[in-house]
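Paired with chain B in one complex and with chain C in the other, chain A is shared by the two complexes that follow.
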Partner chain A sequence: MIKLYDYVLSVNCYKQRLLMSILDVPYESIPVDFYPGWEHKSEAFKKINPLGHIPVIDDDGYILWDAHAILVYLAAKYDPSGQWYPAGDPERIGETASWMLFAEGTTNTASAARLCVNLEYDFDLEACQAGAHRLFRVLDEHLWFRERQGLDWVCSGAHPTIADLALFPDVVLSEEGGISRMDYPALRRWTDRFRRIPGFVPMPGIFPPAAVKAGSPD
Partner chain B sequence: MAGTAGANGECQNRAVLDQWHPVGAIDEAEPNVVHVTRLLGESISFAVTPEGRSAAWRTRSDLTAGTPVDPESVTGTLPSRCEFLYVWTSLGDPPEGSFHIPEFFEPDRRNFNACTLGVYTSAPRAVENFLDMGHFPFVHDGYLGSEPRTEVVDYNVHVDGDTNEIWATECQFWQPAASATATEGQMVEYIYRIMQPYSILLYKSCPAAPERMDLIGLFVQATSEEHCRGHMFLSLIDDESSIGHIRRFVQTIFAQDLPIIENQNPKRLPLDPQAETPIRSDRASIRYRRWLSDLGVTYGVIPAA
Partner chain C sequence: MTADPFTMWHPVASAHDVPYRHVHQAQLLGRELAVWRADDDYVNVWENRCLHRGVRLSIGSNDGTELRCQYHGWRYANRSAGCTYIPAHPADAPARTICNRTFGSVERYGLIWSGESPVGDPPTVDVLEAGTPFGLRNLPVNAPVSLAVRHLQSHRFAPCGRLDAEAPSMTVDGVSDYSVTLTARAGDSQSGDSQSTVVFFVQPVDSARCVIRGVLADAPPAGEQLAVWRHHSTELDQLRTAIEAEAASMPAPEPMVPVLQQVPLHLAEVPDAPAGRQPALRVQVQRKWGAAAGVAAFELAPLEGVLPTFQPGAHIDVHLPNGLVRQYSITNGPGESASYRIGVKLEPDSSGGSSCLHETVREGDVLAISEPRNNFPLRRDSTRTVLMAGGIGITPLLAMAQALDRMSLPFELHCFVQSAEHVAFAEVVDGLGGSVVRHLGLSPDETVAEIRRLAASYESFSNLYVCGPGPMLEAVRREASSAGWPDDAVHFEYFKNTNEIDDSSTFEVALARSAMTVTVPAGATILEVLRGHGVIMPSSCEQGACGTCVATVLEGEPDHQDVYLNDSEHRAGDRIMTCVSRAASDRLVLDL
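Here is the complex of A and B:
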């Protein structure tokens, strides 16, 4: 069974839990004491990932790190429909790669702001927040044009991809980093659509779809 | 707000300046090194000795974060103390002693900081959320509550005449997973105790020792009027669970609250009894708001007209 080196409040670990839940892939969560233990920085953990980062997966001895790389691997291997990582379609695979790189940006701004606020990481909070707003503005406009074409997801085609999945947690937890989504209506509609994907699981801090219907602000 | 925060955001409210405020967990602060945090709109530094003595001061350029320092050699310091797992300091004239937690010293208890997490809300909003059982089934579904068992049965609230602390007693709630060790749902008894404007403790029936209670504290560090850090204090009778397992449980619960409290507007707590619908303002929180008014707290709140 796949082992996921995991921390309950990590967005990047959550991305893996979310994809494996959607694809119905069984896995074992190996809890890493990220905070307050900083176990991912320990010598023992650096034998697993010398960068000292989580998530890492161990799929029957095959070790892989970097959240977005793991998504590529899991989708390529475990999604029989070939939709989450549309490897057979050059245009859609190009778009997926492009928006996955964009998601590195949301991770380094929106999710970095969350680490500043929640755990006092020594980043420039205002720069992270401003950077996130710049990217959210671009994404909101992109999704608005998509909607006008009758499309629901960041890449073309009718099915969501791992690019949506890589972006969703960074976006939906942005309030924790002090980044309001008030001004991004298309972005908010996209997060609501994403929550209704079969197999969706929340993480602490994210409302499940039922709670959203009950009138919560997200 | 006049009298609340100055032009640079620093606190001007006597009632709050004169309190003891937590600035960090002792166990998480490497000894003899400068740690920098924020309190009441100002940058504050502190250091602890390996023996657990502390010094705190307004941050200055010759002692940046991470600099080795002997805390006892620092001059021009603020009042500070190490107590109940945390370093506490004050920007005013604090009382000689602070509140008491006799249970903390019982030899078979496990006392530790479960986590310190920053939140985009005022300190009083964080305390009020902690006090509110009504949200358990909706926000902590499957843990501290579950639909349709949403009823908050009536309980008692009083202010202790000697200590001026708020006590809410005989609270009860049905919980599917009341703690890290719970294997089935149970009716759980709660007592809430508010010792200081930004510090609250809850006593909860303890699965391992029916005649005793587990203690869960939320000691809030108001970093500014609209942002705070919550220090989760635990004093448990549980020799079964690993600390890691308990911490994951508590951090999960804590993070479940974030979207709720971060979306409460305004972020400062309105003290005017007419200001918000009574749904959230049950009896304990009505009392808490009035008590804050009586104490003259204006920082992190919107004072009643």
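Here is the complex of A and C:
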């Protein structure tokens, strides 16, 4: 069984739990005392990941770190539909890679602001917040135009990808970092749609969605 | 002369910002708003804070009829914003006075309009009335409204059909404090002139923030719409960069501080309860129809404003044209707050109540009703909820069943009726699917046997609710009690009190808080005597069935003659129904 070196409040660990829940992949969560124990920086943990980061997965001896890399691996290996990582479609795989890089930006701004506020990280909070607002403006406009074309997700096509999944927790927890989403209504609607994906699981601060209206298209 | 923005209507959302089952977060003049569309298409604009702990309601969930706060699950009804349920008090109905602050809402030109205390109607704009309004993408801007309005007057865009036009000529057709109307024209020797008019409404979010909401007067053809949206989005984005650059060079104004509403005086003070059964509301019979064999249903809509919030199990007093007052349960599902629906069975030996409603009251008539009262509240923390309805007794249970169904809580609704034609509100019952069991045409003995089977075992956290004719209620109470159901797990509502009231005793009643002692003579009730002495008491059925006129007993032994309290409550002797019950001792001391 896959082992996930995990911390309940980490957005990057949550991304793995979320994908494995959606893909119905069993896994074992191995809790790492990230805060306040800084266990991921211990010598013992650096034998697993010399960078001292979580998440890390151990899939029957195959070790992989970096949250977005693990998403690529899990989707490529465990999604029989081939939709979450659309490897057979060059255009969609290009878009997925592009928005995954964009998600590195939201992790380094929105989620970094959350670490400042919640876990006493010493980042420049105002710079993180301003950076997140710049990215959210771009993403909100992108999703607004997607909606006008009857599309629900950041990449083309009718199915969400790991790019949506990589962005979702950074966006939906932004208020914990003092970043309001009031100015981004299309982004707020996308978070509702994402939470209705079958297999969705919450984490602290992320709530389950309301049921859809009977007979409505979404 | 600048108009007061607090008395004006402003846009707070685009229609597409409020899809079903979503809560839009908005802000107007410094006040945050939660904006949500119910399944009946009513758009609610509410203060964005839960009355409980101030949590933003915009993170709550919109279940189509109610908004549920994400933190502690308080539920608020569509339209009235009244609280319908508090999970921490599962056995109680929330006070009717717990009601969130609401603001007006009107949908016009593809925008949702609201305001703090708007006067009149939202603005009508001739060019939009005459055209086919087409909403552009909203643009939030970190700058004061006045700056956005000034920059908008020199804004440039190309007309539809000529998006490639290099130098369209622009005219400013109109400017107000909160809007700018522009027309772009482009000439072409071959295809002639193209022109487009856009009205830009500017929503004052806060002193240093606004949202530009452009509406094109005439919708472009479907094939061109995406290009038109893109063109305006690009041009407005450039405009925003210029506006925000200028705003950044100016001192930031103080943020606006919304005034949070104090509890209104009429709620903060002890109300003057009506001396008798005085109707509070006037309603119109919007629809009257046959809901089952012998049952007339009435849909009662308010003459103005919105109806008070109700909880499942609640009833209203209906004041009839012939002077009689009768109680009927509200059958509505949760959040169905546009009207109350009641069902009335024609009683063969009617003393004038049901026959008046069946024969005299017609669609369009105006009736007086009381505000809803709930003396039959529903617990929503049960692991098993059994609802047993005898005939028309289904009415309060139907409201309960719909509330439980909406919250995905398990329940069984047992309908005991003569035949399938006697199931009232059959279309609603059918919608409850497999949770409904119909028991058709059972004899009295078979009914008792079936009740015995259904109530055969009691497990903790089970609750049983029954409403129906007296003999059925007696059977349920007896069978449940002998199967081990505690009194506080068996909830019942009688249609009426069929006990023969013995009012031959004479006794003294002392009111502890009012420092007053009165004598209740034979032939008079406690309620009548107290009212005669100026004591203000609410009441409803006045026959010991509904529970409205309850008083707390401090000393003395009550002579219970009501059917509202259960046996253990009667034995406890600490409450009394003042409309029928009397004193077994010489003197009663009441907490009044």
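The working rule: the second predicted complex is superposed on the first by the 209 of 218 C-alpha atoms of A that agree within 3 Å, B and C clash if a C-alpha of one lies under 4 Å from a C-alpha of the other, contacts with A are read in each partner's own complex, and residues count from 1 in each chain.
Assume a contact is a pair of C-beta atoms (placed from the backbone, for glycine too) under 8 Å apart; a residue touches a chain by one contact, two chains touch by 3 or more.
These numbers come from a predicted model, not from an experiment.
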First, second, both or neither for A:L101, with chain B first and chain C second: neither
First (chain B), second (chain C), both or neither touched by A:N118: first
Contacts of A:P209 with chain B and chain C, given as first, second, both or neither: second
Touching partner for A:V201 - first (chain B), second (chain C), both, neither: neither
Partner chain in contact with A:R189 - chain B first, chain C second, else both or neither: second
Chain B versus chain C as contact partner of A:G37, first or second or both or neither: first
Which of chain B and chain C A:V8 touches, first, second, both or neither: first
Partner chain(s) touched by A:G178 [first = chain B, second = chain C, both, neither]: first
First, second, both or neither for A:I63, with chain B first and chain C second: neither
Residues of chain A at both interfaces, chain B in one complex, chain C in the other: 207, 211, 216, 218
Complex contacts: residues of chain A adjacent to chain B: 8-9, 31, 33, 35-37, 116-120, 122, 175-176, 178, 203-207, 211, 214, 216-218
Residue ranges of chain C in contact with chain A within the complex: 13-14, 16-17, 19-22, 24-27, 32, 39, 59, 61-64, 68, 70, 137-138, 140, 211, 225-226, 229-230, 233
Sites on chain A touched by chain C in the complex: 141, 144-145, 147-149, 181-183, 185, 188-189, 192, 207-213, 216, 218
Of chain B, residues touching chain A in the complex: 25, 27-28, 37, 65, 113, 115-120, 138, 227, 229, 244, 247-248, 251-256, 258-260, 262-263
